[in-house]
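The letters A, B, C and D name the chains in turn, as written, and every chain counts its residues from 1.
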């Protein structure tokens, strides 16, 4: 398997982008990545588009074919990859393997979603289409509902508290205020959402024990990467990033059929595969982007990938170990919680943020010093399809 | 009129593993022959939540949902007849019923509902 | 790039399958392919699902994750690939590259669609979602409409006649009656649809100059393949098939922007790439499955891939050169015209049929004698994303 | 009231290539700067068809659709005001108008319609 590098990364600000179509967003993010890769007036061999709702929300299909036309990348090969909220990482995976195979040399991977053009309850229903069509969906279950049930069990088994969850909300929302691409631009204060009399008004229960500020927002947005061979990356003469490790695993569709629903087997397996391929261990990681669609997930994933023992992730967050400058900075971008979660875009955006970290090009208040190795977890369904990447900086 | 619980679980004929919903092969031994079984007896509440942001198609303020395990080990999701999660506790007994759980295209869709037992 | 083999192929009968859900169909086809590969009680490393309408027609997303659960293939990696009517070939392509990369050894590729549960005009609208959302879709254009406009130009430029198109209808529908998996089970007679007084009633204009029997039916169906390394294939001790060549190319989204709309550039390029990789030429091909969603496409593709000169494809069909026993048997399965066209399933089904041909296991009235090399063309959009595969028989 | 034709085409500032619909980069030279132009004059019919199986959202028996080229080389799809294709011929002149082409969510959607010229 030949090594694969990333030489271009681009993102557009996440949030509510009423003025843009889905195609606009995918196209703008792609151009930024192509420009960043020095391919602004060139083409690529193939394009992967990560998107979940083109058909259901925009009534549009075959958007990868549409995008290569819009960007004049013809006759590049193109397809759309869908894997729920892990569509982004799945698209990167297919780009990775396609170059590793030797068939293609340069690939554009772009992920995006336009979710804000439908009402909140339509968006909630859209996301719920990934639950089991007979055993779950008819009951009105939502992804926040799944997360609520999971949180209750995790609290019971591992002693996670609302105080732990709060540490994630505060950290990620604070980091979001520093990130020009983030959806959420407002810092939270502890009193406002937790221990003042107004807290229950500002931060009502959403799917108990989770409150409003335990959930990521519903966002429009897109992000893109240019993948290529190491030979091509070397020619740029600039620091680049290689995909050192990759893993992916699936778990039962229904939460009910998991022996121990607090055990996110797919996260553990995906991370183990990625570390084995990279020949690295959790303590080698400088910076991580974890899939915090719900605050509990940042805690649970930080344990399942091996940064902390089970039951220690929440305490570590409270102790500041996951902040910038801490033992392992997690979601310095603000994470899904603050950057936002345009479902098809998230997995690509996580890697874009890690690429920026590993190229040491972020402002000081967001840059992890001397970052050498980054890790991402993109969590599909409710943990039934999870991808993990390990990225490494290369100084040519 | 009380309706019978209309879900079917599947017991692997080779290794006994109980599945719900249906799988074409056994999760444990990949066997493809199953005995159809019905969930039996009351159920134990494994976890639960109250959902306040409901998806399109629900015309109510919130919904209490949980996952239970029946006496014969069938596990399933369902709605819970409770006004608040304060009345609920992991491990408590609940009584299963088969009732309308949502309306689709103007028709009632039936499913599992659970009533907390004292 | 290491070679990739196909050791399992399965299909379920196409047609109207009211009793089955989309997941049922995908699962049944997968089990047939797994059994055929001798993996009936084993797992695979990864699964690719080709599907276009899960979200729009079944209101279900992340169906690849759902399928690995349904089949107990956990923790196999899984994603859904969408590329309109070429979704099937796109999924095979990603399976091919993933094994070629060295990362995975055994992959299940399954494609399927459930289209008959919606009304005809909903199905037509669903397929039209791949047209340009501003410049085409609002006008009410359909894929048969695109084909009608293309046919008019092709007739004008190359002298194709309704008689030529009729030869395709009659051949493919006749072959369909021999294929137990085909949607259409009725042979046509020339008088009934062409030159009797009843013809215009039986075979009305659909999108002129195309008539009803120039179009494929709207079908439910699914097909599946097991891909693996050549080392694994050799161990089966049976004849197997290798993917000798692959190509994919895109063209402009709108028909209007093509310099010469009769020139299906993406077909030509995809075929050239596939022949170059396979180090073969059109005359080496023993049997082909071309994407005859419309009769005109079988003619045009047979020219664009290089079987016949431009303008000769229709005459060749009339002369019987594309029949079983002819110079190059095309769509011996009945093609999309008779086997049916469950959009996500078609590209996989074409390869299943070629695998059966190359393993010499079809009944005499459908088997191309001593077939050694097969070719498929899967045509996405209206020719804006086309994939071509060249398959070769290996006798171990 | 006659409405102005509300589509915009894009002429590459570098090589002059005319695009419709919008591309972010020029199909020929990958340039990103375009001059916005309007389709001008009458149009020439490049190809056409009558569609009898209409998609959801159209409440009529058939629809005549074609692709045209305007005098300033802008090419576009539109509906054709003809009762039958017998009235049409590749290469004939058609007169463009901007009229309702479909109804969506109860509102008229405007687009190109072409009237065959004698």
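In the analysis below, contacts are C-beta pairs under 8 Å (C-beta built on N, C-alpha and C of every residue); 3 or more make two chains touch, one makes a residue touch a chain.
Here the structure is a predicted model, which means the values were calculated and not measured.
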Quick one: report the Å distance separating subunit B from subunit C, using the average Cα coordinate of each chain.
41
In whole angstrom, what separates the CA-based centres of subunit C and subunit D?
31
Whole-angstrom distance, CA centroid of subunit B to CA centroid of subunit D, is 55
Sequence positions of subunit D contacting 2 or more other chains:
27
Of all residues in subunit A, the ones touching two or more other chains
69-70, 74, 132, 252, 254
Among line, ring, star, complete and other, which one matches the pattern of chain touches?
other
Using the contact rule from the top, write out all pairs of chains that touch.
A-B, A-C, A-D, B-C, C-D
Which subunit C residues qualify as touching subunit D in the complex?
119-122, 124-125, 128, 132, 134-136, 138-142, 144-145, 148-153, 156, 204-210, 252, 254-257, 261
What residues of subunit A sit close enough to touch subunit D in their complex?
27-28, 31, 40-43, 69-72, 74
In the complex, subunit B residues that touch subunit C:
22-27, 29-32
Residue numbers on subunit B that touch subunit A, as the complex places them:
7, 19-21, 27, 46-58, 63, 65-67, 75-79, 85, 90, 101-102, 109, 111-112
Contact residues on subunit C for subunit A in the complex?
1, 21, 23, 46, 52-53, 55-56, 58-62, 64-66, 68-70, 73-84, 87, 90, 93-94, 96-98, 100-104, 126, 129-130, 132-133, 246, 248-254, 265-266, 269, 380-381, 384-385
